[in-house]
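Quick one: the structure is below, questions incoming.
Here the chain labels run A, B and C in written order, and each chain numbers its own residues starting at 1.
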Amino acid sequence: MTQRSAISFVAEQIALGEPRANSQPSECGPAGNSIGIALESVEKRFGSLVALRNISLKIRGGEFVALLGANGAGKTTLLRMAAQLMKPTTGNVALTGTTSKSEDVRRFVGFVGHSTFLYEEMSAEENLHLFAQLYGLSDAKARAAEALTACGLSSRAGSLVRTFSRGMRQRLAIARALLHDPRLLLLDEPAAGLDRQGLAWFGTTLERLRAEGCTIVMSTHARNESLDLATRAVSLAAGRIERDSSTEGNPTKMLAELRSAQGGEA
Amino acid sequence: MKGRIALVLIAAALMVFAGYAALYVAPDEKTMHAIQRIFYFHVPSAICSFVAFFVVFIANFAYLGTRQPKWDWLGVAGAEVGVVCSTIVLITGPIWAHPVWGIWWTWDARLTSTFVMWLLYTAYLLLRGFLDDPQRKAMFSAVFGIFAFLDVPLVYFSNRLWRTQHPQPVILGGSNSGLDPVMGKVLLISFVAVLCITAVLITDRYRLERLRSEFDELRFRAESREAERASKILHAAREARVE
Amino acid sequence: MTTSRAAAILLAKELRLEFRTRELLTTTVIFALVVVVLFSFAFEPTAAESRRYGPGLLWIAFLFAGSLMLNPSFAREQSNETLDALRMAPIAPFAILLGKMLANFVFLAVAEAILVPVFAVLYNVSFSGVAGRLILVLGLGTLGLVITGTVFSAISAHARMRELLLPLLLLPILTPLLIASVEATASLLAEQPELDRTWVAFLAGFDIVFLTASWLMCDYLLEE
């Protein structure tokens, strides 16, 4: 049970008291719309380091794209740009297929990155509750509890994240990304650190999301069962697109080639 | 190139002329005598420091609007020159004050404001020193620069208000009292001279920053071309192995 | 979601985090107390001297304690890149800044609420009869400190030597605030206590100018 001061309690009541404009109760965001990503001649430089060179890529709604490439190829930069965390130096990154201009597109994007995006000094439940509120979910507390049960952490709901193992942290990080039923899921090596239980849960969750029409872009450089679900593979090298299964003659064959090549390198 | 040489020569000539005028042409001040002549460089330096800091403000604004590095270069050039001008004001002030009034320093509105302004833009330069990433350096120093410029009038007015409540001896009484017409002309000449020098310094410093940036760019391009060549060879080797 | 509601949610989060550990609050209060005590060695705290130097001393203690306390504000968000998580949420960037400003205001206000009575006792200064007006002056001054300080802590979080850099950036900017706050406080302690409207208006103006500037530039502050 968390301790709350009078001040923080009052602040929360003020926060909860205002009328909400929020999501419909559908499974995966507004019904019928799927989100795609369009990158046009994108270049990203950090000082003199060029992370992405002249990348043009169109990802259609509902695709499951496996993003492959060695370390430093630019996968993380690309994902962070799609997540609206950074803007390209030149070129354009746009999310296509969103419902209306007034709705904030970030509402439909979920991101799992290298960091966990969790507050160590807050409990698992508090962390999810905070993000549920920030994403405008109507029954924030209930949704947070549901998410905890789904990822198997409800027994540790009240424990501080500081006390969690790596596997538990990663599970919670993924749960945080899925909390608001995103239509676009961006995953940067999401399986890293997951224990066997976590991997199983993650696999079934991905299958479910795939079936619901969520657009998924996942970067991974280890052999991963989840890659079997991918409909497309794009590999990056030194900031450029090396191969794209959708442009090659036989996408299935290329996919298999890339996967086994990845498996060999891993 | 030619333009720059011409500007430097003009500035140098003006400075020599202004120096001569300040020392020989200007009439002797009746109470302070020779030491008063420092006024001909003290006041223009103060005005030029404001000009330089205004240039910094414009550059900061332009950088936030356009994100073009050239505005960042102009910002740092203006800030450095402005700090130099302020330093001159802060040094010539006490040099002037001591023989005349027997005190080195007084916390009157103008001197205090100059000191705080000096601190603000020194902080601007130090901030740049402590930020490593070039984009962040440009962005954050632009934000801080705007805050600093907004603060300058507040500093001046708060000091003015304060000093009307608790008066201190005012060293630079000169600009309010009537000025002898010859003195006025000499002041104008030295102001133009100092302004020219300020412009030359800012342009040169801007050029230096631009060259530094181009150098980094070229070096990086050379290095990355090497790296690409190496990776192509490696890739070809891998292909050969696969087949 | 409106900016104010998002800011309130984030304020609640900041308060919860701080009241759980209380490290920031305790160190701030102790540090300010140390400054107050040290000053007693600089002058003889007779009633007349206290009334003369007291306001200056009090505000210097708040400025120093405040500029040390503001650093963790954004530095704390770096450990698991939680700031990026906040930036990805569908809330206005200003809500993030505002939430932190409000939280810092609360922390500093708590420190001042402890310090002012202690100061009154140690230096035999009486604030009776001017308590309400004193709170107004303290509030406006602290607001200015917190507005500029939070912005600069966002900047210094990315810099080397951040503990030294923040006071270096902040204190020169705050000199007008210091003058105004000290003068306003001093006029409340005078023989005939009165609220100096000029200085109070100046403080309000300072706060408005920098709050507006922060609002206009917050996108640049938070972007990667």
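In the analysis below, a contact is a pair of C-beta atoms (placed from the backbone, for glycine too) under 8 Å apart; a residue touches a chain by one contact, two chains touch by 3 or more.
Quick caveat, the model's predicted, so the values are computed rather than measured.
Of the two chain pairs considered here, B-C and A-B, the higher C-beta contact count falls to B-C. Distances from each chain's CA mean to the overall CA mean are smallest for chain C.
Centroid distances built from C-alpha atoms place B farthest away from chain A. Put simply, the C-alpha centre of chain A and that of chain C have 38 angstrom between them. With each centre defined as the average position of its C-alpha atoms, the distance from chain B to chain C rounds to 31 Å. As a whole-number value, the distance joining the C-alpha centres of chain A and chain B reads 48 Å.
Each of residues 133 in chain B touches at least two other chains.
Within chain C, the positions touching two or more other chains are listed as 223.
For chain A in complex with chain B, the residues that touch the partner chain are 46-50, 237-238. Across the complex, chain A meets chain C through its residues 2-5, 7-8, 11-12, 14-15, 18, 20-21, 80, 83-87, 104, 106-107, 109, 111, 113, 115-122, 126, 130-131, 133-136, 176. Residues 1-2, 5-6, 8-13, 15-17, 19-21, 79-82, 84-91, 106, 223-224 of chain C are the ones that touch chain A when the two sit in their complex.
Contact residues on chain B toward chain C in their complex (touch as defined above): 64, 116, 119-120, 123, 126-127, 130-133, 136, 139-140, 142-144, 146-148, 150-151, 154-155, 157-159, 161-162, 165. By the touch rule above, chain C contacts chain B in their complex via residues 148, 151-152, 155, 158-162, 165, 168-169, 172-173, 175-176, 179-180, 183, 198-199, 202, 205-206, 209-210, 213, 217, 220-221, 223.
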